[in-house]
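Shared between the two complexes below is chain A, which has chain B as its partner in the first and chain C in the second.
What follows is the complex of A and B.
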């Protein structure tokens, strides 16, 4: 039994629930049977991948949905062997080069060369080009992006690239200018609520409108999250009541709790305790920058207006250093300690001012 | 053995498996040592005193009596054929008389001592093990592998007694020179030993030298379970106490003057400083003595102690020139922490055990008597500190550990040493500085030292010393490695599980997995899956208690950039508690008293009489 997210994913451009005008533009784009390289960007959970797949279906027909997982092997110039997972149909191949981290350049060059050098067999019934989908282009190293720029031009005859990114700002301008950019904005809260209603109707459940609204608000305009949260609510309690607690991921609760502990007491011992909790979050694969973001959000909410600026500044500083350093725990803990020091000083000052 | 054997192949077709004549002449020189005869003086100019005046009887041994007795008891028991007394393991720092004790006692007990020496016959490897030209000429018989040679030697020597010297009944096999294969793959050694245990009857002694860097090979070669299984007796030797060492040196000087006539005799002070510098190592101190006596004796005291004094002087000068003489007086005579105090000759590079190094950095003792040397202007008053007793760079250098690994240890243990959150925050800030420096991989070799300086000095500076004693603290191994390892494992498992979803990792771990885990859990399925482990916080990983650091534990050599870091060590509970006990005692000395803690420590177990 698949998740609702997968089950109710629209397959065709016509069936998309929002940004309908954009969908019709995309349809026109491929009607001619050809299209330029695309750069599709937008926040996560906005429906980028859904649109890409729908576009491919428009182009090649339902054959693109027959997917197979393949393991491609590469050898770097330094003789290191790399393996990367790709998902492919007869018409396209999807790969996330940032999986191999530092060696993404090799993957981009080799993979595209391999694919582009083999022509489509039957150009009559099929298109004369294949499509390569590269996800998380904004996570690529600069090296890889420059390599991409070159290969894009070279193999334009036999393949089209669809680049998928969260933000276009981290993609180098050279690539941006070679692609037709399509921005997929996050759905509005009302749109999310509407979609939740549609899904529940298909599941023959009744979802109170207030509840749909609350889930939509809590999801941060991330549709995937909203649908998953809705499903989690469904398995926890049905029939829905409009007062029902909306379950958010465990790590968020845990992080909020951690932030509360930081505000409660500022001492070396408490710092040790918090360190344990941070370790816990890290073992649960929560990325350090997400921890930073979450902590800052909670801490800023809990502290006085005067401090907000200073604390955000601290967080920004330590988060930047996190990117430069290698061991996340130092930086997170340093931020927490710095917050504790600032906050304690503030409390002491305001206490002495009071008496 | 094998080489000697192969030499004979040319002359005869029967290969003797072992030849006691050669072995004993090459290894057991102890036996042949003439006693103060004229022979020695003829040789005297050429060979080392260590060999020349090696101990021949029990009283000459510079080892504590109790240790000798322990070893002797084992020999007696083993010879009387008590089951489960076949193996003995001796460990200890280099030059503490392990081998010498074994030789002397074996001789006294009338055992036939045979030592394994690694053969040098593996030359064929370079010729034929080339991947492409793996060609073996016809009729060429592949030489036996190192393991085969060892096993052959081992089983035969143990099984049969010597033909040449029928008077001696038992063989005693001494293995000090472990074949390299075993260091890489200890399990093959264990197989050989198990085989021997069923077949052999002789006695086997293993001698392993402790090291400060990396995990000592005792633990890799003979883990606790193997020791248990083979009912191996493990005797640990300590570094030799100074007074015993002095006696030994005097004995050698006496013997020398007996057979060579009186030569220059170094003064007692010179001997003492020599011993001081040797760090409890007989071999190095005897070598140093021999070298020293060759030179003019009047220079001798300068040779050993002079450097030390001048170093002290130069060190204290920048602090305050006028006070340097008082500094000298205040230094306790026998202070062992003399990092600068290595003598020019024979100084042993005494590496620090991790445990002590951490203590030195984190306790950060300051020289309260001296007072503040260079007062800072008013606006910098907050940074004013008493002079620090330890030099950060020297502690780091002594430790034989990479800077970023050291930092993980420091980070794990630092927090309780700071009184308030301000100083912790300050200290952590320095740690992040160090981390950023350490991540600069292009210049790691150069930056490594700076990384250590920044973190160690930063921690010391942030420590205002106002923390109450707070009793004794234990050090633990850093959790970071296990956390990191778990993180990586979970992540790769997740990547595999969700390989067809192509979400970005962040989206995967923060949205899809936690919520899917909830859905699954509510439906009552998906137990024991990665999704559940990662997504839900019901059972925690890192609650596993951080492993305590023992006093003599070395860091077991983690590669620093390797992502598959692991700290998988298992230890006896007994050992942990014993270590903790010892270390607490030592810390107590370190922390509360300023007398010669180290001196006490070295001989505490066997006070010399």
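What follows is the complex of A and C.
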């Protein structure tokens, strides 16, 4: 039995639930039998991948859904052996070059170029080009992105690239100018609620409208999350009651708790304790930038207007450093220490002003 | 025969030949991106870059070619110029005489030592097989040279001098500051200027006419506005927007902005409004919404910049504070900072300046 997220994923452009105008644009794009390189960007859970797969189906027919997983091997110039997983059908191949971290440039130079430069054998019975999907393009190093530039132009006759990213601002302009950008906005809260209703109807469950609304609001306009939450609620308690508690993920509760501890007491000892908790989060693979945003959101709740701006400034500063450095814990801890200092000073000042 | 083909889906042995050979050129044409299709084929066609065109033209007439270094912003015709020149110089010999290396090729020090050096060392004659004259040297084009490592660049130095009899180098880059000094001093430098409005206008109108693109008044201006002097970007956008509309329909300004990923004015004005309320919660909620719409942080900053410059509520000294922050945040964003946090940071400063002027 598959999860609802996969089970009810629309497979065709016509069946998409929202952004219908965009879907019709995409259809028009494919109708001519050809499309330019695409850069599809939008927040996570907005339906980027769903749209890509639907587009491919429109292009090649249901054959693209027969997927196989392959392990590709290659050797870096420094003789290091790497392996990367690709997902491919007969018509397309999907790679996530940032899987190999620092060596992503080699993937682009070797793998992508190889695929791109080989011609389709029998162009009579199929499209003249194949499609390469690169996911998480915004996580690629600058080097790798540069390596992509000329490849995109040179082999345009035999392949099309579909780049998938969370934000287009980390894609270098040279690549952006070579692509047809498609922005996929996250679905609105009402749209999510509507989709939840449809899914529940198909599962022959009855979902109270207030509950659907609450799940949708809590999901932060992330459809995937909303559907998963809905399914989790179903497991917890059915029939639904409209007051039913919608549980947040464990780590969110944990993070909120951590933030509360920071606000409670500002001392080296507390910092040490908090560090342990942050480690815990990191070892459970919560991305550091998510921790940053979560902490900021919780911490500013207890602050004055002026102080809020200051703390945002601190968070932005340390989060940037996080990207530059290698160990996430240092920067998160630095941020927490900085916050403690600012907050304590603020408390002391307001205390002394009182007396 | 056509009917039979449609029915069976197979081509008979006799049908195959004329069918494919007829269809092919048409299909190929459709596949071509307009950027490639309208790439200048001769040096004369290169627009606006007069100095380099003059030099290359005299080379075509038989003068010697110096080592070249082209630099300038993307989409100004650097690669196109040298490719066109090389094609004119060598004609059919192009493949043997030109080595094109770009960032998609491995260009570490090893490659410079082996591949480049061995290519540079071979000598060539000054006649083509068909008896025509052609220059007695080869050209090595190092595209996107600013992404080469310094070591690799250093390895080029001596090679460049030693093989000057048989080989000319052409380095192409966006930022001349990333090329090491010893290399720049060995080349004649040419700066490619961002294209002037009227030149782009002419080119774009020409392409639109060739491709039968219908558009409303002011659309070409919109294309130019969003492309910032980058002709490639302008042409790609024209082609993309043209595909959205079927024949006969006109392209509107909204289409252009949507394709280019420009944030609609209403969103930005609202953001400014939220900043004047002095409420951090409202600001952070609104920004969250904006991020969920998928707007790019860099684009938001770019457009905020224009708004701040033109804003009447801020004194010059206040503007400088905000713009200073904008520069910092933009830099962080480009180097991998989180979009939401950076834009929020910027907006906080803006909010402070708007609501609590000192």
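The definition used in the following text is that the second predicted complex is superposed on the first by the 352 of 355 C-alpha atoms of A that agree within 3 Å, B and C clash if a C-alpha of one lies under 4 Å from a C-alpha of the other, contacts with A are read in each partner's own complex, and residues count from 1 in each chain.
In this text, contacts are C-beta pairs under 8 Å (C-beta built on N, C-alpha and C of every residue); 3 or more make two chains touch, one makes a residue touch a chain.
Please read all numbers here as calculations on a predicted model, not as lab measurements.
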| item | value |
| --- | --- |
| Joint occupancy of chain A by chain B and chain C, clash or fit | fit |
| First, second, both or neither for A:324, with chain B first and chain C second | both |
| Which of chain B and chain C A:147 touches, first, second, both or neither | second |
| Touching partner for A:177 - first (chain B), second (chain C), both, neither | second |
| Partner chain in contact with A:85 - chain B first, chain C second, else both or neither | first |
| Chain B versus chain C as contact partner of A:244, first or second or both or neither | neither |
| Centroid geometry (CA): angle chain B/chain A/chain C, rounded to a multiple of 10 degrees | 100 |
| Which superposed partner A:256 touches (first chain B, second chain C, both, neither) | neither |
| Partner chain(s) touched by A:302 [first = chain B, second = chain C, both, neither] | neither |
| First (chain B), second (chain C), both or neither touched by A:186 | second |
| Closest Cα approach, chain C to chain B, once both complexes are overlaid on chain A (Å) | 12 |
| Doubly contacted residues of chain A, that is, touched by chain B and again by chain C | 324 |
| Contact footprint of chain C on chain A as seen in their complex | 25, 28-29, 32-36, 41-43, 46, 77, 108-109, 113, 124, 128-129, 142-143, 146-151, 153-154, 156-157, 167-170, 173-174, 176-181, 183-186, 220-221, 289, 292-293, 296-297, 300, 305-306, 308-309, 312-313, 315-317, 319-320, 323-324 |
| Interface residues, chain B side, partner chain A - complex | 404, 407-408, 411, 415-416, 418-422, 424-425, 428-429, 431-432, 435-436, 438-439, 479-480, 483-484, 486-487, 490-491, 494-495, 499-500, 502-507, 509-519, 522-523, 534-538, 540-543 |
| Footprint of chain A on chain C - complex, ascending | 11, 20, 27-28, 30-33, 35-36, 74-75, 102-106, 108, 110, 143-144, 147, 230, 232-233, 236, 239-240, 243-244, 246, 258-261, 278-280, 284, 288-289, 291-299, 329, 332-342, 344-345, 348-349, 351-352 |
| Chain A residues touching chain B - in the complex, by the definition given at the top | 3, 5, 44-45, 49, 67, 69, 85, 87, 94, 96, 99, 135-136, 139, 166, 222, 224-225, 228-229, 231-232, 235-236, 247, 249-251, 253-254, 266-269, 271-272, 275-276, 279-280, 282-287, 290, 318, 321, 324-327, 329-331, 333-334, 337-338, 340-341, 344-345 |
